[in-house]
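What follows is a group of structures, each given as structure tokens.
Two complexes, one shared chain (chain A), two partners (chain B, chain C).
And then the complex of A and B:
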């Protein structure tokens, strides 16, 4: 099983950003969360690895189950479980979030070595991933010396170091120029071929069409339409149809 | 210029250097402790640290040195305690005043550097399954320490120059020997020019060392 989300809701202050969200994703699928800004798609993505905590609902992901509001168990227990979850559910941020004071190799090796991988093994794995991302010569570079597209590929490699079952992408193309966007498409399609489950937040329809096997369209914190990639050619709702046209 | 003064002045050089280094080290240890107290928001202790910072950044170093050296002698309780062998020595009192003064300023620097580490650093740690403690010790503190180095370099220079005030409580450091030579010869211009040049040289050497260190640890921000 991949991911199942049941009746998730979230408010910030008095403003409800997500309302009764339910969907499920099979293993190995690439699902796009599509919608204009403010639709709640990034908040929803951040709930899938508990960077945001839902107010209500339940979440099954990577063979772990969470229900909200969480019981008043010792808080250390809940945060330990969240740590375990995040080791299986990787994330690539819109602004990459590389640690600027560490080299590319150090960025890749830090988390796995902390979590018990030997340094030699981590180094080999990092070298392999950088090779795969087309960056073998950037091993000892500082993140600030890389272009946006290169930083993003490092961020993807860093997330892959923990061999996650699920990989989350937050607006992976928002900060990149169109030529580089195609590189991201290639990488995501290659990762899909390797069997990893992915959830990608974007507001760009063209990019979504190129990578999605499933689509979830959101407006104002609610799911308006969801289905397979065929929905791009045959939308069922007027709202999604209008969104696809502009 | 009369070079005969030089050997006499340099007799105090060792004391100045020792006072500076021991004060800086003690101040640094205290500052790290105070920063942790402030970061973890330990209620009563935070309040004490804030009071210490207020007192030691809000009053002149000279007054702090006088109070620590002349103050305890007014109390028989302290004179009869185990602390007296320490508090009756000018060297120890000057070191303590400099260390506490430096700790107050350094704590402000370090806390500021930790607060200035962008939230994205924390988020990346969380997203990779690190615990709060792992993130703080392995990623956030190393980043903050690098960012704090240039400002801490200034603090090192300030403590070195501030150590000259120790001569006012009879300590024979570089400044102490300069004052004595001046009283013996009345050759004021030459004596204090030479003393000033020795301090200037020390500042130069320390600045160079700090620059070298910055060059190494801040390499990431240059590219």
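And then the complex of A and C:
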């Protein structure tokens, strides 16, 4: 089982951002979340690792179950559970958010070492991942000395350090030169081949087509259309059809 | 005892006073800045009020208030006449004054660390506590260092105020020697030179600390391109 979301809703101060969202994704699939600006894509993605907490609904992800509103049981318990979830569900932010005062290697080692991995093991794993991301010579570089695309690959490697079952991407190509987009496509396809379940928010239909095995299309906080990647060629709703034609 | 020894001891006293006030003041400034940023509104308001009062009073009044006021307060509380030493009173007063300014620098520096830094840590399952000390505080330090450094130089000179409550510091020593030898120019001049020397050494150390805290920004990429890096340095305004 990958991810199952039932009737999730979320409001920010009276403004309903997500309405009755339900979908399920099986293990190993790459799902693209599409929709125009303000549709609620980022908010939905952030809910999948509880950076936002839903008002209502339930969430099954990486063999853990959450239902909302959470019962007022000992709150530390809820946050420990959220912490466990986040170790299995990684996130790559649009702005990467690397820690600028740490080298690339330190960025990668921070979380696993805090969570009990030995330094030697973390270092080996980091080296392996940097190799895989094509950045073996950047081990000791400062993040500020890297290009946008390199920073993003470091951010992906940092998320992979915890061997997540699910990886979430918010607009992985938005801050990049179009020429680098293909690199991102390659990395995502490689990760998919290794069996990681991914959810990718994007604006770019071309990019979406290249990586998606499933698509979810949002408009004003509601799912308008969802299905397999075939929906790109055969959309079922007028709204999604229009969106694809822009 | 030779005058050299006396002046050396007075210098040690001034430095001890300044350094202990710095340590205590930094701890208090950290507490004040976190309290002011806390979501608990009454706590934030109470702290802002204390800081505003401390910044609004002449520094010598704070010194007098702590020295004479605390003895009086202890008398009212315990019915006994407990005298706190001028050194302790001076350290408390100076660290309060330092923390009132430093807390504002720190608060600005905390706010200058982008939210995404914490989020990235939370998203990796790093605990809040660990995140604060490993991710947030080191970046805050870089933003705050210039301001805190300025305030340290001010603190160093404010130590002269506690000569007035009888701490045997550099200024008091100079005044006593000047009075007994009738050579005020010489002895005040020597005190001035010692203060200047300490300031120069401090500035040198501060410069080195600053370049160390900026060592990750050496490339030209950093300022223009890095989405992770803000180059605001709000610390300097408050000295």
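Just so we're on the same page, the second predicted complex is superposed on the first by the 246 of 246 C-alpha atoms of A that agree within 3 Å, B and C clash if a C-alpha of one lies under 4 Å from a C-alpha of the other, contacts with A are read in each partner's own complex, and residues count from 1 in each chain.
Note that a residue touches a chain if its C-beta (ideal position, glycine included) is under 8 Å from a C-beta of that chain, and two chains touch if they have at least 3 such contacts.
Treat the numbers as computed from the prediction; the structure is a model and nothing was measured.
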Three-chain arrangement built on chain A, chain B and chain C clash or fit: clash
Between chain B (first) and chain C (second), which does A:95 come into contact with in this model arrangement: first, second, both, or neither? both
Once the structures are superposed on A, label A:87 by its partner contacts, choosing first (chain B), second (chain C), both or neither. both
Identify the partner contact of A:114: answer first if only chain B is touched, second if only chain C is, both if each is, neither if none is. both
Could you tell me if A:49 is touching chain B, chain C, both of them or neither one (first, second, both, neither)? both
Regarding the shared-chain residue A:151, is it in contact with chain B (first), chain C (second), both, or neither? second
According to the stated criteria, A:175 is in contact with first (chain B), second (chain C), both, or neither; which is it? second
Going by the contact rule set out at the top, does A:162 touch chain B (first), chain C (second), both, or neither? both
Chain A residues where the chain B and chain C footprints coincide 49, 51, 83-87, 90-91, 93, 95, 97-103, 110-111, 114-115, 142-145, 158-159, 162
Inside the complex, what are the residues of chain C that reach chain A? 114, 116-117, 119-127, 130, 134-135, 138-139, 142, 215-219, 221-222, 225-229
Across the complex, what residues on chain A touch chain C? 49, 51, 83-87, 90-91, 93, 95-103, 110-111, 114-115, 142-148, 151, 158-159, 162, 175
Chain B residues touching chain A in their complex are 120-121, 123-132, 134, 138-139, 142-143, 146, 219-221, 223
So in the complex, which bits of chain A are touching chain B? 49, 51, 79-80, 83-87, 90-91, 93, 95, 97-103, 110-111, 114-115, 141-145, 158-159, 162
